[in-house]
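Letters A, B and C mark the chains in the order given here, with residues in each chain numbered from 1 onward.
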Amino acid sequence: MPLTLSVSGVHKHYGGNHVLRGVTFEFGEAGTYVFMGPNGSGKSTLLRVAALLERQDEGSVGYHSGAETLKADIALIRRITLVLPKVGVFNSSAFENVAYGLRIRGVGRKEIKEKAEKALDSLGLLHKRNQRAALLSSGEQQRLGLARALAIEPEVLFLDEPTASVDEKNTRIIEDLLVSIRKEANRVVVIATHDKEQAAKQADRLLYLKDGRIVVP
Amino acid sequence: MVFDKELFSIVTLSLEVSLLAIALATLIGVPLGVCLGRCRFPLKSIVVSAANTLMGLPPVVVGLVLYLILSRRGALGFLSLLYTPAAMVLAQWLLALPIVIALSHSAVAAVDPVIAQAARALGASPFQISMAVVREARYALSSAVIAAFGRVTAEVGAVFMVGGNIAGHTRVMTTAIAMEVDKGGFELALSLGLVLITISLAINVALHLFQRKGAQPSG
Amino acid sequence: MVFNLPVRSMASPKCLLKLIGLAPLALLVLFAGLVLVTNFANFTDLAWAGGKEIVCASTTSTENSGLFAYLLPIFEGKTGITVKVVARGTGAAIELGKRGDADVVFVHARDAEMKAVEEGYFVNRRDVMYNDFVIVGPPGDPAKIKTAGSAIEAFERIASGGHTFVSRSDNSGTNIKELDIWKKAGLDAKGRKWYLEAGQGMEKTQRVADEKRAYTLSDRSTWLATKDKDRLDLAILFEGDPILFNQYGVMAVNPGKNPNARYTEAMQFINWLVAKEGQEAIGAFKDAHGNRLFIPNARLDAR
């Protein structure tokens, strides 16, 4: 049974800046959900709040397994992840970057190696496993960020501008992977993008965000 | 050049005292500096600037104050630590601590905040997030410790006052050099000077390496 | 703080490099722990470890003569008491004793010692040995002090001829003696063109005198120990006047004033110094050039 998510009446302020103004949606089944909207419309903020990395000022964010609503504790947080637009690679090897999420979960050494290598492979980075992450190209770093997220096998995956500032070749690799994840149809994937083509290609459901509200385009 | 037993024991004692002082300063200063860099609390900026100010503490003042405290009539006189290597460790520790704290703080504060965000997004607990940041700052943290080590090994005033430069007990490289020059024992002074220079050279090479490694692109 | 590394990546040299991140810190702490465990007794006061130990405040010149390095092992072998010598200027050495940071004071400034005894800071002061001061200068002796009848007269001749004189000006025992002689001669040398204030130790002052072709007051120990080594083109031009005698005394910190002072051990040291064995050791002591530096002269009556 996939982990699902519902957001209701969420407001978020940064100082006097009212960024999210009552956002409500429900992603009740596996699939890829894409948020579009102009810069500054609040997409990134919404993803951070929905991924439980930031607290909303008002409203609720709930995760469900079937009919059951789960407590927002570290156990739940560890079942979801968000890939940031600026990846923030750690100053270590590509392998170590991907292994990080597994290490902090106390996964055994053999399993780490297996899963990390699989994640690296799925993004065409296996041959770079021993390279220092900081020395990878920005496209490769973006892929590494995705591999790092996939390694922990998140049940809900948030992607904030996964292909912004990435060249065509890297964009294709990332998009192909997202398509194959979508085909598996076993989890909720949430993407924020302002790339219309990408949105059209990936989305099971497309949502528009404008001035902190979900609107009909 | 003289490489005799006396020289050897002076060098050994110097290294033991300084390493012990630095280890203690590291044990306390690095976690404190990391806390300063990671946590928010009232008066934080005052604590940070205090550490930065104390970094430039004149060693002779540290020596004098410590002497008065450790003196048999001083507050801690009952410990009878004056004129022991332990007193020198204490003096060097006091000199090293603010350096380690202040430099650790800036090392951690210099880490791109996106690192903490990424660790958090991958499910790290607050402690694990701090560890990820520490790991990111590891070269700068090592530099902080090495810089502090460089300062304490080169220091004369404080260790002279609380150690007493007692032959075979508390005579370290710097105090021995000062004394030998004074009495015209240039040979031993030069040998010791050479050892000291070698050590500080090694320190600077290490610092340089760490700073270069740490400065490599991370974005 | 050290993160686990997978076995395979550890094996590659590149990944070994990763370890240097925090490894120095870990190594450091490890090493320090070792030092602490193996050296704790040496690092703190021996008394903590059950050993006996006293602090002797003395002067830099006495320590530099090498006397203590010769005497103390004999004493320690005999009694098991370690004597830690803290060498300072005369004034500072007496002050250390007054504060109770030393147990015994061994200096050569009789008047100052007597005064401190009268003030009640010290007890059982004993004469131990003496050496003497000499006036050295250019071998040609331009001021003709060789024929002077006294040290005071020698100083007068230097002053009246305007011959350069280098003073230590460091408040040492030698310096105090020099000022005393100027005073007795009724001369105010300070500030005169021919009077140079070196502000240095004895050996450096001698070297300055050598370079300036000047006179200076030195102690015989330093003179003998350094004249060849430093290739000094100077000679002893005046000696033997009783005013030039440098009496060394030893005294114990008064336990009534400083209850923490280790009086028993201090007295053991003093008694050994003035007894036959200590006196003979002092007489037998020779510097690196084979010169006898001190003449033992303890009398059995305490003062």
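Throughout what follows, contacts are C-beta pairs under 8 Å (C-beta built on N, C-alpha and C of every residue); 3 or more make two chains touch, one makes a residue touch a chain.
Here the structure is a predicted model, which is why all the values come from computation and not from measurement.
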Exercise. What pair of chains has the most C-beta pairs in contact?
Worked result: B-C
Exercise. When the mean CA coordinate of each chain is compared with the mean CA coordinate of the whole protein, which chain is closest?
Worked result: B
For this session: Provide the C-alpha centroid distance between subunit A and subunit B, rounded to the nearest whole angstrom.
Result: 44
Seminar exercise, completed: Chain centres from averaged Cα atoms put subunit B and subunit C apart, in whole Å, by 31
For this session: Between subunit A and subunit C, tell me the centre distance in angstrom, where each centre is the average of that chain's C-alpha atoms.
Result: 75
For this session: Would you give the residues of subunit C that are in contact with at least 2 other chains, written as numbers and ranges?
Result: 3
Problem set entry | Numbers and ranges of subunit A residues touching at least 2 other chains | 92
For this session: Could you check subunit B for residues that touch two or more other chains and list them?
Result: 135
Problem set entry | In the complex with subunit C, residue positions of subunit B that touch it | 16, 19-20, 22-24, 26-27, 30, 71-73, 77-86, 89, 131, 134-135, 138-139, 141-142, 145-146, 164-167, 169-170, 179, 182-184, 206, 213
Exercise. Quick one: in the complex, what on subunit B touches subunit A?
Worked result: 112, 114-115, 117-125, 128, 132, 135-136, 216-219
Seminar exercise, completed: Contacts from subunit C onto subunit B in the complex sit at residues 1, 3, 20-22, 24-25, 28-29, 31-33, 35-36, 39, 42-45, 47-48, 55, 60, 63-64, 68-69, 84-87, 99-101, 201, 203-204, 226, 229-230, 258, 260-261
For this session: Can you check the complex and tell me which residues of subunit A touch subunit B?
Result: 51, 53, 74, 77-78, 81-84, 86-92, 100-101, 104-105, 132, 134-135, 145, 148-149, 152
